[in-house]
Structures are given as C-alpha cells and as structure tokens.
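Submitted below is the structure of interest, expressed as structure tokens.
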C-alpha cells in the first residue's frame, strides 16, 4: 500500500471522495512524474535528439502539471471544484499528449514505451477521479 | 525588464501571442509564488495559527499551481489549448480563493495584505492571457 | 519494479553507479514527498495545530528538497559531485530533522508515524547513495 | 521592492540574517528559475539542438535546485545550518556550471547570454548569503 493510501486512513477528511480512487490518482501522478523525468533525460541521451524535441517538451510539461496536481490533491481538506476540476483536466490533457508522443517512439526507444504506459495510467486515474467528482 | 520578457525576444516562437501579455503572466506567477511562500511561512509564525489554517492551505495550493503554470508557459513553443486553458483557469481559481482569504486577514496581518495583492495581480494577468488566447 | 528502476535499464548512462542503489534513492525520495505532502495536510487538520507548526514547516522543506533531488538524480547523465553531494547531504539533513519531529508526534498522530517512517527510509537511501559515490 | 523583500518586514523572524541579503538571494533564485525555464525552452527550439543538450540538462537541474532553495529560504523561521548550507552549496555549484555552459553559447544564442547572466547573479547572491551565515 502506497504512502498516499496509508495516509488517507489516518485523519478525518471533510472531502468525502473514495480514498482508493483518490490514492490511485496521487500514486499515478507520482509514478508519471518519475517516468517523465527519466524519459526526458533518456531522450536527451539519444543520438536522434532532434526527433525527440517534442517528446522532451511534453515530458517536462507533464512533470510540472503532475507535480502540482499531486500536491493539491494531497492537501484538499474540502473539495474545491473551481480548482480541482480544471487542474485534473489539464492533467488529462498533458498525459494524453505526452502518452501519444511517447507511443510514437515506443518501438525505437524502450524508455518511451515505459513512459507512455505511465502517462496512460495517469490519464485514466485522473479521468476516474474526475468521474467520481461528478 | 524581467528575465522572462527579455528571453521572449531572443528566439523565434510559433506561439503568436503578444510577448508583453505572456511575460506579464509569467512575471505575475513568479511574484505570486514568492509572496505565497512567504505568507504561509509568516502565517505559521503567528500566535493565532489556528485561524490561519485555510490561508496556509490556499497559499500552498497557489505555490504549486503557479509554479507549474510558469513552467508550462515558459516552455510553450506552440499553443496547446487543451493544456494551457484549464491550467490558466485553475490558476485564476486558486489566485482568487487565496486572494479572498488573504484579504480577510489583511487588517490584522500586513503579510496577508501584501500576499493578497500579489494574488490579485496574478489573477488579473492570467485572465488577461486567457482573454488574449480567445 | 518502480518506473525509475525500469527506466534505468532502457538507455546507456555514463554514470556508472549501481542502478538498484540509484533507483532505491529515487523511489524513496518520491515516497517521502508523498508522505510529507499528506502529513502536513493532516497536521493542518488537527485541533492542536499550534503544536504541529514545526512538523508542518519541516514537511514542506522536505517536499521541496526531495522533489529537487529526485529531478536531478533522474537527469544525471554524468556524475557531478559538486552538485550531487551537497544536494544529497541537504536531503539527509532534512529527512533526519523531519523524521525526528514526526516521531515526536507518532503516538498521538498515526499520520506522523507513517511519515516518520518514509523520512527514515529516504534518509537511509540517500546515505546509501552518498556512500556508493565515494 | 520585490514581494520577498516586502514580506520580510511584515513579521518577526527568529532568523537574524540581514533581510536585504536574504531577499537578494530569494529574488536571484526566482529570476534564475525564470531564465533557466526560458533558456531550455529556447535551446529546444534551436536547429543545433544536439549541441545544446548539456545546456538543456544544466538548465533543468538549475530550475529544480533554485526552486527548492527559494522555498526553503522563504520558510526558514530559524536558521538550520545542516539544511541551508549544503542546499546553498548545491545552488552555487549548479549556477556556476549552468552559467559556464550558457556563456559558451552566448555569442551564438542571445538567450544563453541572458541566462548566463541570471546564473552568475544567482551564484553571487547565494555565495553572499553563505558568507553572511558564517
């Protein structure tokens, strides 16, 4: 069980969202950040770096947005739709773009295949949380 | 002239947004991050910290969202509406909430007054950029 | 196997550090960030928030330093002792301080017990990496 | 006067460091983050991106370390040498490396010249703070 999941049982929250759905999103955001950090680093080590520029940019955006969203979700005591919804929508958007771009390079670069998988999982987890918030 | 503004003149961008509007947003995000970091630290030093809990939380959310948005805006080579719009909307939402809460404490705590001002300016700059993107 | 660990096998690195030791540090930094985000949020929800101020501050420092270190370690193509050593030392210091403070509250607050555990694990993993770099 | 500087006058701090020296460091860290974000983005837009790989990597490290240091410095209520010193040393190291690399490209790329300047200023400000802490 991840630290995020363990922590959600240890204190009372006014936010009545299912703890498993919330923890799944935080874990996926954290994993996606890890994968995108590693993937842009690996892209920069490739000989065909010119072809990897879009992938590098999208990975960097993905790190920034996932990091912020993980922080905000960890901190929500009450649900603030005005902040949480657009932030999750931004996450879904960048995870989708980054996942698509990573998959384009998946056959050539195993690191892009792995990163694409982390992006897909994060996109799904953020969509799942958005659906649960409706 | 800020570094963000200077930099926008030094290389060709496909994103045809007005450089002054874009730099104003990046600068306001950077200032708001500074102010919110300092304000939550100051809140934690106050004797009535119990009354400052909401302000602390909102400042921390504001730091996370503004930091991510500044990164993404600095990096956009082409405009990606799917990412940029919801991210700016999340920024407007948190800057508004955080600015409102800071103003509630403005008479009692000068640091909250200053931080509220930075949040308002950032909210306006992000709204300005959103309008320019239409 | 974590994404960090998987990624390290997918591309050639000039940095000849053992991949298991490096991935263990990145994973522990990522987990510690998660735990410290959740713990400062939980602290802010406690009735005795005044007594939790030091814990909140240390958790926030720990998030900032662990986040930066995870980014830098993920990106290192070559080992740069001038950067990596003091950064890991800063990590060890804040994980120790934060872990000590969390343990002080461990009996009263289960979230502090869990967070203290994440800090200890991260401190050990960073010390392990520092030792491997000698 | 920057927000960081304004804020330091609004609440009592146990940390007896000169407010101008501290604010100068926080401002320089914030500016350097802005410049390094913009510079790695600009590098990624250059035709000779293969030659810019080291510059991109160093800019990304510089963003991560400067962001964390600005957060920690903003939050210090009391001076914690075990954390602050190595973190500032890491900052000095990466600002120096990044500034050196930027200067190598300064004639060819104006964005690297501007970024190199921001790195130098940040390196000096962090050294100044380290000296004041002795």
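The letters A, B, C and D name the chains in turn, as written, and every chain counts its residues from 1.
By our rule, contacts are C-beta pairs under 8 Å (C-beta built on N, C-alpha and C of every residue); 3 or more make two chains touch, one makes a residue touch a chain.
From a predicted model like this one, the values you see are computed outputs, not experimental measurements.
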{"item": "Listed pair (B-D, C-D or A-B) duplicating the A-C contact set, over half by residue number", "value": "B-D"}
{"item": "Most remote chain, CA-based centroid, reference being chain D", "value": "A"}
{"item": "Inter-chain centre distance, chain B versus chain D - centres from mean C-alpha coordinates, in Å", "value": "19"}
{"item": "Rounded Å distance, chain A centre to chain D centre (Cα mean)", "value": "27"}
{"item": "Touching two or more other chains - residue numbers and ranges from chain B", "value": "40-41, 44, 57, 60, 67, 71, 75, 77"}
{"item": "Residue ranges of chain B in contact with chain D within the complex", "value": "2-4, 6-8, 10-13, 26-27, 30-31, 33-35, 37-42, 44-46, 63, 67, 70-71, 74-77, 109-111, 114-115, 118"}
{"item": "Interfacial residue positions of chain B with respect to chain C in the complex", "value": "40-41, 44, 49-50, 53, 56-57, 60"}
{"item": "In the complex, chain C residues that touch chain D", "value": "57, 60-61, 64-65, 67-68, 71-72, 75, 77, 80, 82-83, 86-87, 89-90, 93-94, 96-97"}
